[in-house]
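Below, each structure is written out as structure tokens.
In the two assemblies presented below, subunit A is common to both, partnered first by subunit B and then by subunit C.
And then the complex of A and B:
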């Protein structure tokens, strides 16, 4: 009898009292974990910098933070970030303007597909970075060089995802459009093209990571300003703290770019299956 | 003379790498009367969906002729609207934009000014009970709501003939019954044209066919053909009490007797 009472008591307490706090404390720990990781990383960095004791090789985090603060305060960082983001946007616009129609064409016409696809498959595996030296010879240090590299990197995922999205329009939807009385051109405009937008956005998000990497690399030697240029510049004059500050900013910039594209995707294609569960 | 006439219609699918040519069905003669609710039942593989697609103009038969009002059907037309089992709603369009899709982008888009289009759509939103969901996207709707939306889209386009390809086949049993009741309520209750339109409804379900139809075409398989046409003499309006009646049972038993052997064979 007494055992049963104890059992019942245990049940009652685990259902009501003790279970809840344990769940809450778990979520607190879980939500704290990323910050613990950041603190641990800074700590290791601090210790390493302390033992090296040479700010030119590895400045401590506080030194980098103050460099970051200075560059934010005098507007240099903003100017460079704006320059880089502007090139990214420009490159992306070119990639969409050229890549999306080509993708639609590949999906609509077998001949176009057979013509374009082999070329794409041969060129696509070549890294955007591999083109930088040639671009430097042709374009010189300029706005055009990083824009070209970004457009090159972004165009393939945009093109191929657009084609896949257009081809993925189900027979069912095409039939529905036909029995509703849409002509072939109306079907392309109102059924195939909306599907293409989904592909463009998916491709853009897939291409953004690579484009950001290529942007920094292209700006090292191919641009008169920007985040990549600044990393290279401060490395050259051995201002390591400033250099690391800009490295951190490129990481943050990549993150912001992905967030922005995700937001744009949500706005432009709120029905997209890629957004489900986010 | 019916509104839709099929004369010696046959469909043979050409041989592919996987197998030899298959006869979907042959020698189908069918007169569909204007304003009747015709159900087509039969086991899987009897070609009933193919027959419906031919009436829609989505496929051409390999033998015979199907005509509407005396004219051979050569392609899809907004005269013959269709409801699909998987709803076929445009995922990038809201409920409202799906319902107005045909009116806005179809060949008859200039028939009505915008305000009249909106009135028509509004009428069907109310009729199928989608008030308040106009701004939702299809992926936010339940299966039953999706099919209501597809029904409103179909009716808003003002077709003469409504073709329905197992429209309730993907729904759970309760929702299915509810939508059957809704369909008989909505049929002939359109605000714009209060007269019953011709319906051709393909289904697996004998109960569904008996509940909905004026006539039931029973198809057999291997090769697909019409085995029997059963007239359903249940009074209208029909509702929940219809399913409880003894005549309803008699008719479903009769049809099951007709189909049993082939259904068992098809299930093997």
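And then the complex of A and C:
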């Protein structure tokens, strides 16, 4: 509360404003600010591209926009985006199907945890990207390769967060369930599993950034199509405008994935501690 | 309790290694599927030859260079953005937009601008590491005690000194978290960058490129697995280093509140 006031004072004095603007015009200015920065960035880009005057090195924003438009219009972009997002979804589904039950098992049984944890801790530091060459030998350039890499990357945060969330179920809740006469299986179904969903969603959101990184890297080398493949392809034939357009689409995909997972998290587990402060 | 844990953990690792060894024995020798002993021999040879060390040093240097660039950019920017609310609002859109782009996606652009050498590799690393550090630093500044800032201001400290003497020490734990996350991404990105560059030409080295060579030209799976283990060990070591440092700075937060 007091921090807001001091900050506002600092801003007003540092901006040298003699008359303090009213609250409404302030909020209008504040909500417009990020867009001012974006426009300024585009302007700098335009000027830089103008002075370099080499579209292979740095095409102007308009050129990138028109390349984007063309690829949207002829459906090529949609095909590539669908291919990449399909792999991402497939990889995540596999990661949840394998990782979530293992996580629950690790939380429920100390023995299972002791068997699984050391193996996980040994394999986990090997980044998904380091698996790409081996996967290329086993799977070849294929649909399966990016899916495998994404599943590998996503499985660890999902598994470990599920285990942590299940372990974090409060003793009070468990005791209450027992006092109310619930059987062990009923307790697992109605008390532990809802907690597991919290862990799965937290893990999925944590894993999403790494999964996109792995997806693009895997598609550079090991896929017949997709967004990463397209970036690498257009870089190879020095069509820089198309390349940048696909880089932007990748960024948009990353943003949308994060938003979608956040929405899903709010839907499925509105009580999740990971949603606090957002 | 601890003994049971150790026994179980060792058991599962031994079971996996034995299963691998037995499985490899049943694969026809025409396929490049090594067993445990092959990998161990390969590890010994590679360690003795010195190529592996050299490549490791090249990769680590690139990571260190890129990471240092990221810290130099993200730390002052994050402190200022966290302290000056309007600046944070101003840059928010750009940060969100660039943050969403997977670091490896910008590699071709950096190769186009800087060539296929150390600079492009370090730039990708810097790109990967800059956002976790920036965002965690901003969050750290937000969590600094307002009372402390007010007190320092009342005692006549200028904004710059408040930042360096009050805000920065207060948000060290979060900065360390950001650096740890950034370093994890950086290490993943350098391997990806070297793999991809290796796919284009045969210059400039690094572990990623060694991996590419043993995949593309030699189909040497034993060496490939050794490289993967080295990547894992280094990733683990770097992370452990950051965790130790992070713990070392943790008490500062308690004493300041």
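Methods note: the second predicted complex is superposed on the first by the 254 of 278 C-alpha atoms of A that agree within 3 Å, B and C clash if a C-alpha of one lies under 4 Å from a C-alpha of the other, contacts with A are read in each partner's own complex, and residues count from 1 in each chain.
Here is the rule we go by: a contact is a pair of C-beta atoms (placed from the backbone, for glycine too) under 8 Å apart; a residue touches a chain by one contact, two chains touch by 3 or more.
Since the structure is predicted, the reported quantities are computational estimates derived from the model, not experimental observations.
K.L.:
Specify the outcome, clash or fit, for subunit B and subunit C once both structures are aligned onto subunit A.
P.N.:
fit
K.L.:
Once the structures are superposed on A, label A:202 by its partner contacts, choosing first (subunit B), second (subunit C), both or neither.
P.N.:
neither
K.L.:
Is A:30 contacted by the first partner subunit B, the second partner subunit C, both or neither?
P.N.:
second
K.L.:
Should A:180 be classified as contacting the first partner (subunit B), the second (subunit C), both, or neither?
P.N.:
first
K.L.:
So in the superposed three-chain picture, is A:215 touching just subunit B, just subunit C, both, or none of them (first/second/both/neither)?
P.N.:
It touches subunit C, and subunit B stays clear.
K.L.:
Kindly classify A:230 by the partners it touches after superposition: subunit B alone (first), subunit C alone (second), both, or neither?
P.N.:
neither
K.L.:
Give the label of whichever partner, subunit B or subunit C, reaches more residues of subunit A.
P.N.:
Touching more residues of subunit A than the other partner does is C.
K.L.:
Considering only C-alpha atoms, give the closest distance between subunit B and subunit C in the superposition, rounded to the nearest Å.
P.N.:
Least C-alpha distance: 15 Å.
K.L.:
Quick check on the output: what are the common subunit A residues between the subunit B footprint and the subunit C footprint?
P.N.:
none
K.L.:
Looking at the complex, which residues from subunit B come into contact with subunit A?
P.N.:
Going through subunit B, the ones touching subunit A are 56-58, 75-78, 80-82, 84, 86, 88-92, 101-102, 105-108, 137-139, 153, 157, 163.
K.L.:
How about subunit C: which of its residues touch subunit A in the complex?
P.N.:
4-5, 8-13, 16, 32, 83-86, 89-94, 96-98, 100-109, 111-113, 128, 146, 149-150, 153, 159, 185, 187-189, 191-192, 195-196, 199, 211-212, 214-215, 219, 221, 224-225, 227-229, 231-233, 235-236, 239
K.L.:
Quick one: in the complex, what on subunit A touches subunit B?
P.N.:
Interface residues on the subunit A side: 170, 172-173, 175-183, 186, 189-191, 194-195, 197-198, 269-271, 273, 276.
K.L.:
So in the complex, the part of subunit A that touches subunit C is made up of which residues?
P.N.:
For this pair, the touching residues of subunit A are 2-3, 6-8, 10-11, 14-15, 30, 33-38, 41, 56-57, 111, 114-119, 122-123, 125-134, 136-137, 209-210, 212-217, 220-221, 228, 231-232, 235, 238, 240, 243-244, 247-248, 250-255, 258.
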